[in-house]
Amino acid sequence: MTPLKLFVALSALSAASHAMAWDYVLLDTDKAAQNWQITSQQLGIKTDKPFSVTLRTLHGGRQEGVSIVDIDNGTMKLSVVPTRGMNVLQASVGNVRMGWDSPVKEVVNPSFIELNGRGGLGWLEGFNELVTRCGYEWVGHPGVDNGELLTLHGRAANTPANKVTLHIDEKPPYAITLRGELKEQAFKKVDFSVATELVTEPGSVVFALNDTLTNNGDYPKEYQALYHSNFSTPFLEQGARFAAPVKQVSPFNDKAKGDLPDWQTYRAPTKDYDETVYNVVPYADAKGDTLTVLHNKAGSLGVSVGFNTQTLPVFSLWKNTDTQGQGYVTGLEPGTSFSYNRRYQRPLNLVPTIGPKEHKQFRISYSLLTDKAAVDKALKQVSEIQDGRETEVRQTPLVDLTKG
Amino acid sequence: MTPLKLFVALSALSAASHAMAWDYVLLDTDKAAQNWQITSQQLGIKTDKPFSVTLRTLHGGRQEGVSIVDIDNGTMKLSVVPTRGMNVLQASVGNVRMGWDSPVKEVVNPSFIELNGRGGLGWLEGFNELVTRCGYEWVGHPGVDNGELLTLHGRAANTPANKVTLHIDEKPPYAITLRGELKEQAFKKVDFSVATELVTEPGSVVFALNDTLTNNGDYPKEYQALYHSNFSTPFLEQGARFAAPVKQVSPFNDKAKGDLPDWQTYRAPTKDYDETVYNVVPYADAKGDTLTVLHNKAGSLGVSVGFNTQTLPVFSLWKNTDTQGQGYVTGLEPGTSFSYNRRYQRPLNLVPTIGPKEHKQFRISYSLLTDKAAVDKALKQVSEIQDGRETEVRQTPLVDLTKG
Amino acid sequence: MTPLKLFVALSALSAASHAMAWDYVLLDTDKAAQNWQITSQQLGIKTDKPFSVTLRTLHGGRQEGVSIVDIDNGTMKLSVVPTRGMNVLQASVGNVRMGWDSPVKEVVNPSFIELNGRGGLGWLEGFNELVTRCGYEWVGHPGVDNGELLTLHGRAANTPANKVTLHIDEKPPYAITLRGELKEQAFKKVDFSVATELVTEPGSVVFALNDTLTNNGDYPKEYQALYHSNFSTPFLEQGARFAAPVKQVSPFNDKAKGDLPDWQTYRAPTKDYDETVYNVVPYADAKGDTLTVLHNKAGSLGVSVGFNTQTLPVFSLWKNTDTQGQGYVTGLEPGTSFSYNRRYQRPLNLVPTIGPKEHKQFRISYSLLTDKAAVDKALKQVSEIQDGRETEVRQTPLVDLTKG
């Protein structure tokens, strides 16, 4: 892999000021994924801690041929899976792990998954990531809509990316950007492409996703997106808390009604709990930005998930506090939509349309909150966004699931 | 890849006269596809223009691992996809392209396609070829027949070929023959093999398919075949015309009734047009050969599709003159059958049977008509086959689709 | 592949006495399958006949990327397919072949199979092995149970194995052990792993499977297993016989009723016979071990299939004596269950449960009976296990298949 030194415009506002940057093609039509690594030392970059990006391929079982990009920014280690929709498999800082322990231990090549199996739940045979992209034709529970079985949470997570590239800024803070494109295309049905982008900086405990959905077709199309962001211990524990600026919260279904008073706190791993889900309409600041926080009981460790509500107006809180083996996990899920089947979401105005050649950007940032000060600061931000505005706690689900 | 020089009998009639030939195995059980090329220069052949055959593999996205064979006969460039049923992806002469622009941009590895998805329309997630083989257990629209969901147009296009070989005659005109075998096998269900063959000659603007379906089983079996041959600009345009010797034409469905008077002419790209389909029973000459022609409005450029009606007795004209982005394309589709679900075609006697160990040959030739003289000559041939015989324009579809 | 010489405890009872052994990793997360061979000569082992183990990869068609492990123990040649559930493709001693001729000629990569296709019969597109693992979430005919379509015979046969290892004892009889792990995992659904093991000894005409199913989950789960062991000529022929210590036999369905009086003898290849199946409850010895025998008409050649009834309490005799081309084959199938859809087997108490972290072992041994003496000896064992106990010949199927 030859490093290409390119002059890249850093911003549209300063097109005249150019900076050097390193750009690498990791995977392309004429370039097979192969073991490869680049380090800050090789680039002659001096940062507090050296960083590196590594490409490797998994073998054996249902993970045969799966590519993984490991980004070690010196502080945070991230693993991204080009073969699975550029999903973020996990991230960690020291021994603090963002992510969870799914029963699914392999990083499963989509070629071995039938999304239409198990009545449209085949997706569950590969689900184990920290961030799993859901969409973009649809998200939500399986079910028939317009005469077609929509499988759980769409196809994005099981769509391998093409043209995966790595970009490293050549001046401080030496931002590291990994890009991969997903194509959701079917004749007569859909012509979407999703330019995914993951950005982190050397030494940082933050990473951000910046995805651009494009409707390449000539017709407006319905679309949905949901970023299934999943955390477990050490954040999730008995007494852990969730915070967000909330305009409205409601139980996803009848089961979630019972725990509604405690929707912002978590149980210990609980046998037979299965899951409860709460639908949240968040408040945002003037720019549409909002912040959600998960922290441990002591408030000494947490994560925040920030996103822009202009394109991701709603949020699902998935509380799967069942046993460790079954999957002790909570999902913080910004989306265009909740997790109902698409046919239920049209009446809620949560099935937006993207015009021909139109773009939609989805920006989500994930921060590790490493100590009480960081947690408190994030909670303060939440509070500032809420700004004293009222929260409607709706007692009944938005959707009557007993009706087809 | 070592060139094997073999003595090959050129014909059964002259078994005594042998000619040299070059034979190469491109892909086999013990031979992985790998980048490779042979050129006329390497073979020491002097033709007006040099020719070459190239094998390459695609990477990234849903096209990971797809093999492509590029044949450049000196005049026409052809791309064949062993991984997708030996389909012809595209052909071109100079800047004249046979083929079309599907929203599906990748050459999709069947391992990433669920034909049973989208209610049996999963096939649409990979459809983008100039010639897509449909069959051979069934063709037609998805639907249940004999208690089984038949997915759109069968499995052939999503069946990777094994034992792909290249044969180049060692004497003029140095015919280039690419062969690949498709196996459609399922215990208790079917034991078909299809020996596919694509032939072209250096400098020619013609290529031909010569496929042999064999029922290896001990029982007679129903089969169907349809060669979905798809063209767009520069042939397809407002005022472009289709010509064929027609015994009977009928609208595929109620929608096609409205445009029946103009069934042989084409619209410009038309928003919300979707498609109309016309079912054609062609006349043929004494040997069963017939010819169909598509040409531009000026009659200065066209393509002809010739086939033998003994095994391909009917023809579908698919007019998908929707917008460019949606897919502005027309299909000239010789077949054993029309595009109805198999259960509708039995009463039409369009579900033939192949006996145990029996072979069926399907021969289709594709010619670029590079100028008005070539178009006129082809139209004259059409006229000679019609030979003044009557055309029945049937006003109503052959099938009442409102009945199960 | 570097041979690792390890000290391995030969048994828990003699942990103090260690023996040398050779251990090789053939396939693992960070180790791609590649052509490789080890021979007894290379190991410096002197056996009557040299033995070898070979790893190879198939290419082309639907078998692209399939790994095969060939074990030649000097007398018996075995082929195992890691990519297909560690199934035993075939075994042979000289020109005597254990296995059968399926219409499916390729060793099909599961990535090209939709188990949910053909109404849940997609499994038939890959079925051609001597031993096909069925299970472990379910076995049996396709059908809806608990609202989910269970596809034919479960997913094991189409689950590629990870971490495939070879172990050769360093002291006589130099047992050769091939291991591979199957993961059947889906969030919320199942967390099984199956440690498969195939053992043979140099010069032997026997091989054994020793599989351990583990429920890694926190909840008890239903499971089913069935070892679909398939034989044809030279054992199967007109007048060939099946013997077993039988407590109860019953016809699988109405069709099998007619041939019940002759259930232990076989027909010649018979046009339109299709199949009959008999459900057998075997007697076993005090340890639970039982033996079933298939031998030719002359009683001069046979195979025996032994298994332990503590985990495999029932047995299906599948008599598919249709034509050679259709598949002339009989299945000797030890199982937890018969071949009905799971919903029919609960009332029969044939859907066992495996507790959290519990293991279930399945042991099956396959012996070639090379002459009359060997056949007679096996039949004597069958008789000794029967030990004069009564056989109930039940005239009607255990399940009324006309009821949902």
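A few points about this structure:
When the chains are written out, they are named A, B and C in that same order, and each has its own residue count from 1.
The working rule: a residue touches a chain if its C-beta (ideal position, glycine included) is under 8 Å from a C-beta of that chain, and two chains touch if they have at least 3 such contacts.
All values reported here derive from a predicted model rather than from experimental measurement.
Of all residue numbers used at the contact between subunit A and subunit C, under half are used by both chains, marking a mostly different-residue interface.
Rotation angle for the C-alpha superposition of subunit B on subunit C: 120 degrees, rounded in steps of 5.
Centres computed as Cα averages put subunit A at a distance of 42 Å from subunit C. Touching two or more other chains at once are residues 65, 111, 114, 116 of subunit C.
Within the complex formed with subunit C, the subunit B residues making contact are 27-33, 65, 110-111, 114-116, 147-149, 151, 159-164, 181-183, 185-191, 216-219, 356. Of all residues in subunit C, only 56-65, 102-106, 109, 111-112, 114, 116-119, 121, 124-125, 127-128, 271, 322-327 touch subunit B in the complex they form.
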